[in-house]
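Letters A, B, C, D, E and F mark the chains in the order given here, with residues in each chain numbered from 1 onward.
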Amino acid sequence: MSQTDVPRIDGRTPDQLRPVSFERGWSKHAEGSVLVSFGDTKVFCTASFTEGVPRWRKGSGQGWVTAEYSMLPRSTNTRGDREAVRGRIGGRTHEISRLIGRSLRAVVDLKALGENTIVLDCDVLQADGGTRTAAVTGAYTALADAVAWAQERKLIKGRTQPLTGGVSAVSVGIIDGVPMLDLCYEEDVRAETDMNVVCTDDGRFVEVQGTAEGVPFTRAELDGLLDLAVKGCAQLDGAQRLALAGE
Amino acid sequence: MSQTDVPRIDGRTPDQLRPVSFERGWSKHAEGSVLVSFGDTKVFCTASFTEGVPRWRKGSGQGWVTAEYSMLPRSTNTRGDREAVRGRIGGRTHEISRLIGRSLRAVVDLKALGENTIVLDCDVLQADGGTRTAAVTGAYTALADAVAWAQERKLIKGRTQPLTGGVSAVSVGIIDGVPMLDLCYEEDVRAETDMNVVCTDDGRFVEVQGTAEGVPFTRAELDGLLDLAVKGCAQLDGAQRLALAGE
Amino acid sequence: MSQTDVPRIDGRTPDQLRPVSFERGWSKHAEGSVLVSFGDTKVFCTASFTEGVPRWRKGSGQGWVTAEYSMLPRSTNTRGDREAVRGRIGGRTHEISRLIGRSLRAVVDLKALGENTIVLDCDVLQADGGTRTAAVTGAYTALADAVAWAQERKLIKGRTQPLTGGVSAVSVGIIDGVPMLDLCYEEDVRAETDMNVVCTDDGRFVEVQGTAEGVPFTRAELDGLLDLAVKGCAQLDGAQRLALAGE
Amino acid sequence: MSQTDVPRIDGRTPDQLRPVSFERGWSKHAEGSVLVSFGDTKVFCTASFTEGVPRWRKGSGQGWVTAEYSMLPRSTNTRGDREAVRGRIGGRTHEISRLIGRSLRAVVDLKALGENTIVLDCDVLQADGGTRTAAVTGAYTALADAVAWAQERKLIKGRTQPLTGGVSAVSVGIIDGVPMLDLCYEEDVRAETDMNVVCTDDGRFVEVQGTAEGVPFTRAELDGLLDLAVKGCAQLDGAQRLALAGE
Amino acid sequence: MSQTDVPRIDGRTPDQLRPVSFERGWSKHAEGSVLVSFGDTKVFCTASFTEGVPRWRKGSGQGWVTAEYSMLPRSTNTRGDREAVRGRIGGRTHEISRLIGRSLRAVVDLKALGENTIVLDCDVLQADGGTRTAAVTGAYTALADAVAWAQERKLIKGRTQPLTGGVSAVSVGIIDGVPMLDLCYEEDVRAETDMNVVCTDDGRFVEVQGTAEGVPFTRAELDGLLDLAVKGCAQLDGAQRLALAGE
Amino acid sequence: MSQTDVPRIDGRTPDQLRPVSFERGWSKHAEGSVLVSFGDTKVFCTASFTEGVPRWRKGSGQGWVTAEYSMLPRSTNTRGDREAVRGRIGGRTHEISRLIGRSLRAVVDLKALGENTIVLDCDVLQADGGTRTAAVTGAYTALADAVAWAQERKLIKGRTQPLTGGVSAVSVGIIDGVPMLDLCYEEDVRAETDMNVVCTDDGRFVEVQGTAEGVPFTRAELDGLLDLAVKGCAQLDGAQRLALAGE
């Protein structure tokens, strides 16, 4: 069976993204905010700008960008316990929060940001696969808005642009032997290999996280997935640009 | 100065609600869901229906309805810490979660519900005063949808309607000596007395929680606030009915 | 059946308080202390005075008054787990601690208190209904002693009296359709509506918290309960005065 | 200077206990209860009897006795944080709870107790040194009352007496080179060596815990302290018997 | 400068592993154990075999393999706080524990394991870069020993070999533009890109986790790193085989 | 049967220690470190020296020495849960950490140490009884090395030697009526009385902790145990000296 014949659950071709949208300015309080959708996955991202940095960074002349990811209890098909109620944050949540933070810092010149802090909150309102990649992609948009907000108010003082580029992320996976782009939940569950890739807008890699869910994958399969991911990120990057140009 | 001359921050008369809206079906996963807005206050309410009840209630023949309230970190003007990150739920969160649960149980016939559980999650996406009253009002709508969903699927078996009536809630307060309905955040901060009232759709009371923020209040002031609240709840009840009839 | 015929479990008339007592000076360490009894409900209240205020209040010229409520594990009929052992404070405990703190602050001029802190600890040694109202009423007595202690030592410097009035609290409820004052545990369990009212010594309200346990209550019922509560608080206020004059 | 000339802060001779009292029946709920005083140290001890044992002990035919110790925040001269508020139990609290439990189990025939559980709660209402020894001594009294209570109700079925003897505890220490009995707080702070000794009523040892606070102690000093402790426990044992015979 | 001229801190060539050793049987209690060293990085790995599986897996006919990673507080150059003392496990610890568990499960036939559980504990005694890759590599050795132990005792009953292959892991990174294998701590700090790769003994991938620490990396760089990692894992696989054959 | 005829599980005479060894310098990072073995009990002790003291001690001119004890999950025969995973430190761990800290401080002149802090981490790699006594004994060795390290670097400035003597610890217990030295796990389980004794190198006591596991013990038994412990500590002290002289 040729690759393009594989019937995806929602009719997409293997190399097709789900419909992507960015609703900017979703919060009246946050300095930057967006409701990002990758198909039915919806993540609400806010960027909170504050002057000053955490204690351990004071006097360094550098800013700080960090992120927190969370899922609403009923963002999933079956209700999950709140981490606040359990009294501890789970490993998966920690892992994704750290991934988002690292991904954004890869395109931030922390010196140019000055001693300011931007916290990205990525709360999953509805989950259908790819929440972490939607979160990275949306968080960048909110971050860009917050940086622009701070520049307008001269809170970021230097002339150097703090954002050195754009960043976006997408999941890829192998299902029944076929590499596919931007997996929805049902595909994600069935995937033999699952990879999340974060790329800059010039096609370089910030993060590559591939995991064999069942059988280990070969170098050739890895290469196929990377090709697909780079293509997907380029499209997401275009959508981000359009969204950011929109207002 | 007569009461109607008081200039409210947003041009409302003292006895006027903010624009109220209910967007039902906001979640594809939850058995009932609504995005409720009281002005700029937006609360996302989901109702999760599951068969069975908590261990302590097994074999009682009765169901259970409970609620959890939470604010997204940047739902407010200044970012707050996540309770999951702090590792404990604050007193205010607990208090409001319990209030919502009690308010809903006041209009649920738990016997008619059968041994089923409905959990209401009320997550504040944007806060501008009155988040708990919006949460109660929205949660009822989501609850009604979840009950209907379960009845259609014969998961609730009895013939008795589990919902014995509607319930809604509104805040009232005294500002510069004038009782006002449905306070926004700025009014809430300035109010000498702050009261949250939960009413059934036949005008009776489920909860009355009045607090003197500064000076204690008189019986006459209390009576004035209650009059206003009853009026406000009646209007909210109408809006709820419209929304529930809408689909 | 007329209201006065209702046989209360302990022979009281519906509008009668349980025997109330205040044993002041129960702690040799605390600046103010009292063992307050409302019938078999016994709450040990200490007021701890310290110079200085929490960090967030420094330099404001204002003091701070706060409270913590707790029940000993075997204060109740069946032993409950210690919250310290469970590692988290329950919602009810939080709620009552906050209520006590707010109630006391309503009669404290924080400016006149100066940058000093008073912490009220209310530990329930034996519970038989009305622990929160006994706690508010006892805590005020301990607070008054601590304020006097600090004034004697010139730790409170201003001439303005920091206490602007007295405060006391009582529970009321409707049982078999009859409004009753100061419910003991057995009555509390049976009450259709349960209300806690905190009043100042001039008969104004600081807190009104009414909850329909089963059926919602009407405005007329609410009015009846408020009448009863005001009467009860006036009597408690008298008992407090006597106790405070006692030494 | 001869030993008897040492002026103790409260006029006692080195080998003299503080006034000891046991107020039994201090709780209307608990199966056994006592307010024990060693001078100004007051500990409220309750014994909670429940049928059944923890899961890990089911089917063993043996009962379980355990204890929890806690200090009220203002039982001390300076207010301490509540452990429930800090969210964790401190090492000292754990240590003392375990000591009390072990001390009591040393005189309980768990087989004769049958599959029943007795939990001792020892809450320090006022601390002036020796809270753990007062707690052990009071807890035994409460335990004896709870056992008698259960025997009357035939909840303990066997003919063997579950209590194999009495147990009491006292602190001893060396101050300015002189061994002293039952240290009050001020003495405890000054002691070079501090020892807590738990004895059965036939003069054998259950626990011996000696700690050099400053300089290590010699075998001769250790012997002197043990002599004193044995004498003190014998007196406490007498007081316990009197108290238990009292009703 | 050609790649082989780069002076590595410890004199290695870019594609050279540090000295690797496996000391099996380091614990007298554990069913499998090894002290693995990658240069100065030392990780103590134990495999604990127990019959039965966690509740959520009962009746599935399948076993379970999981891992916990931790660093001793002074395994690093500067002492870190214990996670048990802080009361919560950090994100990095969670992340690595999950990585180890997934890596091992990739080579375990859980059906063949039967309803048995193997827990791998990987405690870092001394850290010098690459602790997670040493942990994966050592944990596999301990796992293999525990499986053999259980097979000898007929605790694993099936005829199918539960281990479908070997697994090992290595870090690679780009320093001053040169891809290097098995980074020590000082190199890790300086690396522009850091990648951890987990391979099976037939050269396929289980995990690929690449992170741009500073500048994003190109596809060519990624390819170079993967080449190096595959080579390193093949060598580690050889060392493992030797160690496992050793007894 | 005479005392020397008692067959000990491992062939020792009642007053014989297990083979003791100290491997110093086991960590390349810590200022002092030792792997101490008492038979099969192996504890890894590191001493971390840092300039400065905790906030509550600043400006006192005195240093601080503290200890943390922990068991690896599979140091025991059956795997135990990690305390970091459970989110709280158990009572036993707390108790032993405090014991080690007190024992070491008994031989440290904190003034001579200056405002410096030494933290001892004692992690049990393999447990076979006596982990706390091995930990005290090993920790002293690591402490001595850390003090020497700091003196060489002039980080401890005074001329007074901060260590006023050596300290070691051993367990003793009564088994089948015979007092025995340095119990291994199997003996520990069978012991009627269990005592841990910490002595200085001049034969004085720092800690004496005796517990009747089953029947209470007499004064004569206590005396016998103390004799044995003093003898054991003297031997341990000799072994420590040899080890410390070794390099």
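Please note the rule applied: a residue touches a chain if its C-beta (ideal position, glycine included) is under 8 Å from a C-beta of that chain, and two chains touch if they have at least 3 such contacts.
Remember, predicted model here, so these are calculated numbers, not experimental data.
With steps allowed only between chains in touch, the distance from chain A over to chain D comes to 3. If each chain is reduced to the centroid of its CA atoms, chain B and chain D end up 51 Å from each other. Separating the CA-averaged centres of chain A and chain E is a span of 28 Å. If you average the CA atoms of chain B and of chain F, the two centres end up 59 Å from each other. Looking at chain E, residues 87-89 sit in touch with two or more other chains. Each chain touches its two ring neighbours, and walking from chain A in the direction of chain B yields A, B, C, D, F, E. Interface of chain E with chain F (complex): residues 27-30, 33, 40, 44, 46, 48, 50, 68, 70, 72-77, 79, 82-85, 87-89, 93, 119, 121, 123, 125-128. Of all the residues in chain F, the ones that touch chain D in their complex are 88-92, 94-95, 97-98, 102, 106, 195, 199-200, 202-212, 215-219, 222, 226, 230.
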